[in-house]
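Okay, handing you the structure first.
Note that the chains take the letters A, B, C and D in the order they are written out, and that residue 1 is the start of every chain.
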Amino acid sequence: MEPRKWPRRNDAASIAARRDAIRAVVGDEPLAHDDEAWTRAQEAHTGVAAIPVSVVGPLTLELGAYELQEPAGTLRETGRAHEDVLVPLAHTEGGLSASMARGMKAAAAGGGFRTYVAQDRMTRASCFICKTTEDALLLARWLEGSLDDLRAFLAGLDDPSLSKRAKLREVKTHVVGPMCHVLWAWTTGDACGPNMMTRNSYALNMGYVMQNAPVQPERSILEANMGGDKKPSYEFFQSGHGKTVLAEVTLEPETVRRVLRTSVDDLIDLSWAGTHGAVASGMQSVAFTPASAIAAVFGATGQDLGMIGTSSMAHGTARRVEGGLNVSIRLPGLEVATVGGGTTLPYARSWLELLGCSGAGKVYRFAQIVAAATLALEISASAAMATAGSSEFFRAHHERGGLR
Amino acid sequence: MEPRKWPRRNDAASIAARRDAIRAVVGDEPLAHDDEAWTRAQEAHTGVAAIPVSVVGPLTLELGAYELQEPAGTLRETGRAHEDVLVPLAHTEGGLSASMARGMKAAAAGGGFRTYVAQDRMTRASCFICKTTEDALLLARWLEGSLDDLRAFLAGLDDPSLSKRAKLREVKTHVVGPMCHVLWAWTTGDACGPNMMTRNSYALNMGYVMQNAPVQPERSILEANMGGDKKPSYEFFQSGHGKTVLAEVTLEPETVRRVLRTSVDDLIDLSWAGTHGAVASGMQSVAFTPASAIAAVFGATGQDLGMIGTSSMAHGTARRVEGGLNVSIRLPGLEVATVGGGTTLPYARSWLELLGCSGAGKVYRFAQIVAAATLALEISASAAMATAGSSEFFRAHHERGGLR
Amino acid sequence: MEPRKWPRRNDAASIAARRDAIRAVVGDEPLAHDDEAWTRAQEAHTGVAAIPVSVVGPLTLELGAYELQEPAGTLRETGRAHEDVLVPLAHTEGGLSASMARGMKAAAAGGGFRTYVAQDRMTRASCFICKTTEDALLLARWLEGSLDDLRAFLAGLDDPSLSKRAKLREVKTHVVGPMCHVLWAWTTGDACGPNMMTRNSYALNMGYVMQNAPVQPERSILEANMGGDKKPSYEFFQSGHGKTVLAEVTLEPETVRRVLRTSVDDLIDLSWAGTHGAVASGMQSVAFTPASAIAAVFGATGQDLGMIGTSSMAHGTARRVEGGLNVSIRLPGLEVATVGGGTTLPYARSWLELLGCSGAGKVYRFAQIVAAATLALEISASAAMATAGSSEFFRAHHERGGLR
Amino acid sequence: MEPRKWPRRNDAASIAARRDAIRAVVGDEPLAHDDEAWTRAQEAHTGVAAIPVSVVGPLTLELGAYELQEPAGTLRETGRAHEDVLVPLAHTEGGLSASMARGMKAAAAGGGFRTYVAQDRMTRASCFICKTTEDALLLARWLEGSLDDLRAFLAGLDDPSLSKRAKLREVKTHVVGPMCHVLWAWTTGDACGPNMMTRNSYALNMGYVMQNAPVQPERSILEANMGGDKKPSYEFFQSGHGKTVLAEVTLEPETVRRVLRTSVDDLIDLSWAGTHGAVASGMQSVAFTPASAIAAVFGATGQDLGMIGTSSMAHGTARRVEGGLNVSIRLPGLEVATVGGGTTLPYARSWLELLGCSGAGKVYRFAQIVAAATLALEISASAAMATAGSSEFFRAHHERGGLR
């Protein structure tokens, strides 16, 4: 086929044309899984990718139930429950599944993980370019005082393209020169919500601000990086995005020795050196390999893979306590969903079902399971780094003819 | 099944046991794709995840051919070629495929993308904890002067677990207190290489440094965050990791208007506000949505999904030039492979074939295609943000009964 | 004198003893300026340092008058005035005074600077280490809901060491693992206020939190770096510290040519390259040399020289507008005083008088003058960098026998 | 006087005119210290500022002697010596002098500080804007291969305005889009060197690069923020600027208790919380109050006060070791001088003499004393924060009628 005429649509003829054009190169297999759902998920749909999924567990955790309080959108914990969960991991990294399972085992020996959702927010970072800094400051002050009016405006719009599920919670401004950056902060229910809040933010920008502002901005820009849309930022490392989740567990010294084959002392030293290494290298996160865990769960459960980087922002700690070693992780920006987007597709929905996280009312549960699974891998991967330290070990192996 | 007895191995009985245990919940579909290859990729293998793949194009680009120069490991460009490529994208984000295709079209009108690989490095960040700062400084000075000896040591090891393809290129030290952090910098051929360089680095740490150092470190830690192993860092944003790739294109004003439905002025203003927004929010990258493009190509081609965040570090620019608007992107840490790991699996290998990037000798080509595809999406997504600015547009749509 | 017996007190005999011990080395001059005030400012007082002060001007600006609104501590602008001010600069950097004067001249031609105080806060970042993450989250939620009680507690303390001028405005928490970091945010009137808010924060920590918290913290730490006490941080780059001040001016093209000897195009390109250079180098601030201006004013006026680094955090912009080039600077953390500390001393008070900024009710005025003077230097120093670009210039000078 | 006619020159009449114009406001005192030296230090010289100076000590340290190795400019340690030094501190912060003295005492009990200079570099960050990314890459490659030619060019210039003392050591490039950023890295002897390296860098830019480059840049910009000229950056936090100095000491438990009135456990916990607080707040440095110490020494000794912020970048550590607590600080960018600039002036030279650091051959000594004094304050200030934790202490004081 002449590439210049590459068909873009998802009608049957176009799909077939694309498949015919590439079948000789890619073979039948990736073109064989027809499902009407695929064509609703993307334009120019042509085939599928398959990634192997391991199932590891049990992940033992005590997790919270939460509800949003109106109108501020703060979270209230309504209960806590103990559970054992099996976790699906889509990845091709040898050792990852076994390592996470080891971490789960070590945690379970100490009573399991305890997880908490501290906050829920989804944010669009718009920007109004004004004539002067003075105008930008006036606009900012007006915006910060208009939260009720902005909510009323949205409530009054009878526009089916807008989302009623996306609720405006806060307006935060930041003025630099003639720019008035605005963070529109929403909750989006069990959906991840980028599209719904984008449409609503656009309505606010064009339908309210550009019409009613006390100074007329020269430009309205829908997204201008004051937040962290698929790019890690300090703004969201600190103030959070999606679900801000914390997980912790206290590891008993005997478990550290027997299951993790290292010691509390070793892990404390590793944490110390790793934290200072992160500082020295200008690494925002302080952690070991949270992205490996998060990517594997995201890949299995239909999450947005483009949000793996931001969702993997992590701040881990380790502290010697009376009963052993308290370890924790804070994931400030876990952008997850249990409804909408990729979660509605085959495979993804199945794996969410395995977690008991498919559909409405499940997103805080899901976020906490992801955090606990991430901490499980952190524990085990750290232990592997910490114990890779014995020169006797190396010499013994080397003299036997090779590292194995 | 009793979760405490969850089987971990990949023998047929264990796989079957896991499947039987979850079949009632997940259904048959995700458990139906047997392939011996899956079990080599992960422990506790149980099923698959499938992600729809679109194919968009043509991506018109002029790319370089490169060879590594010995022993420094710098890249030499040996030729350049024009090509049209079809790009597979695994994702579920509505609009992404169409938007990237639009960016490709706009770039093609200006002669296509031009791409360059500036550097190739894979790094393990070890750390030696010494008794004192003085010892750490002595160790650092010795390490920096030992590059030839370290290479000779590795060459002399007859250990099948070590990789001859991972070649040590540089040793960089950083002393903070009694810690001597060491960046072991390797090239790893067409593989991504984390495992091979990890084993080799371990051999250096335990077999050479701990045996021969002029001062005896108290501890050797294999990885301590001085680099950026699956976590973005300034170290790698600047000095690079994996492949450091640049892509650029000059967009003609008429193309900007006709294809992107915006103007050079709009895009310049957007770039200005977006760059200052990034600064204000403490965002390391300056770009729009590189992670969306990189995740979609990674998902289709068997790359490590845990490396999406680091590979998406990006520094984009836009500048008015005589012929229109020069736009570029620098991806300092593109961690990609065309051999090994997930690239050897079904589906992934097929989609790599579509790109002409399967197997040895293809990794620089692949890196450049990823960079060009990323810039294509940047162009189109930016244009969408820049044009979302007309109040007439909003009013017209709203009066017609809704935003569509 | 035997160094081991070095006297530490400020009685006359000790001062004399120290002077006698070093007179042979340092000479009479630095030991000759007796003033009782010196001994109130520091322990082990011995002599003085003198720094030359230039006076440049006029600095033409339009500045705002502000009042704090109770109880939130937000600023309300109550008026604006035009003024011409002479600025004292303590420094030894050849060219600095002349360059700032040139910037003032360029700005005056465009009507002068316009300045704004956006916020006023002084913050102590305490930390409570709890037994668990759960406890830390409980403590955080309790603290965020206790603002009124905390204020009442302070109001009820009859302790002369506490400051009534330091008013608690906000409580912000940040939980990482078992740590509950707390930002106690105060206004401190016309004083800079570190000591008064430290004492008050200590009273809150020990007298209220440790007594009344719903969970008992293991430790209370008065300062633990969640803010930015004399160290630049993103927290304060964004949310502000001391006075958050903005200054702007629009430079006419003719002025740029005649006074600054460059062009709007040159300055736009410089700003573009300098902003991207800052991003590439991991520089938090985007500006040219704000610290030079701020240090010179601080040195003359008795400000805390240890706060020069934090006060110099800066975000500058340049944008082509209808009348020429709009340039601005945002100083998020200008830590200044017109009462207390070094401002009460001879010399310092005199130079503050020159600015009309000595004593109560002057701190917002002073902050705005500092910001305008800083922007004046930014403009001129940028112009010098932008015009240092002509190869003809270099050749001409070189052929004449030297760069002058 | 009419401000519009404010005289700018340093002839006697202009100085007198300025003094007469402001005498009624500022009084006689700040205008009374005539010295011909002042007028060489700044334009528009008018008066002086005086800052009280305390002298504290003894600072007990073991410091290194260093020489630069040609041509690479690396440092070789040629000896080490023990010394007791008295330190002059210009500041007005109550408690600072006493606190630093306490830290000195605690360190001396453990044998004193040990200090090391790891590197010496002064850098100008120029930028060449090219037509395309391709050109910028070509230019970068050419520049990195031209070090010898660049040195030969400078050596061949017979231009009295250029400095022979500023020696070019490295050329580092960084390409982003069409920008080729260049770090010209120099050593500048005992001078701080910004002016000499600026003139030399300008000569390289205009006299060599713009004449000989294989591609013609569109613009040459002398400084474009790729480094960290008076603004903290990760580039210099990591790779260093001015003198990179490390200091350490091991504190005995008994000393910690008796002199610092806290415990090793308390200090370890404080360091842990303070490090994680720094990470959470996006603070580049990890330390307590290095700027206070550095500003006080800079103010007394004629250093550039505008460099206090960059010179205060600091990375501190604390680690429990056999003999007690090892504490250290790394100052990556200490920009100090013992010749030139403000060091040649009265007062400043006297206080440098007290340190044995006036004139040629003293700059490494001076840098190490500054680092040790900084660590002394860190130790004592940390101890004050760590011990401010007893609720009994608070209650006892409060019941007695007030905190004292």
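Before moving on, here are some points about what is shown:
Throughout what follows, a residue touches a chain if its C-beta (ideal position, glycine included) is under 8 Å from a C-beta of that chain, and two chains touch if they have at least 3 such contacts.
All figures in this text were calculated on a predicted structure; none of them were measured in a lab.
Averaging C-alpha coordinates per chain and comparing to subunit A, the farthest chain turns out to be D.
Between the two copies, subunit A and subunit B, the Cα superposition rotates by 180°, quoted to the nearest 5. Note: centroid distance subunit A to subunit B, computed from Cα atoms, is 18 Å.
If each chain is reduced to the centroid of its CA atoms, subunit A and subunit C end up 37 Å from each other.
Distance between subunit B and subunit C, defined via averaged C-alpha coordinates, is recorded as 41 Å. Across the assembly, subunit D contributes 174, 176-177, 179, 234-235, 237-238, 275-276, 278-282, 284, 286, 315, 317, 319 as residues in contact with two or more other chains. If you draw each protein chain as a dot and join the dots that touch, every dot ends up joined to every other dot.
The touching residues of subunit B, counted against subunit C in their complex, run 234, 237-238, 272, 275-276, 278-282, 284, 286, 315, 317, 319. Across the complex, subunit A meets subunit C through its residues 114, 116, 118, 131-134, 137, 174-179, 234-235, 238, 246-248, 250, 282, 315-317, 319, 321, 326-328, 330.
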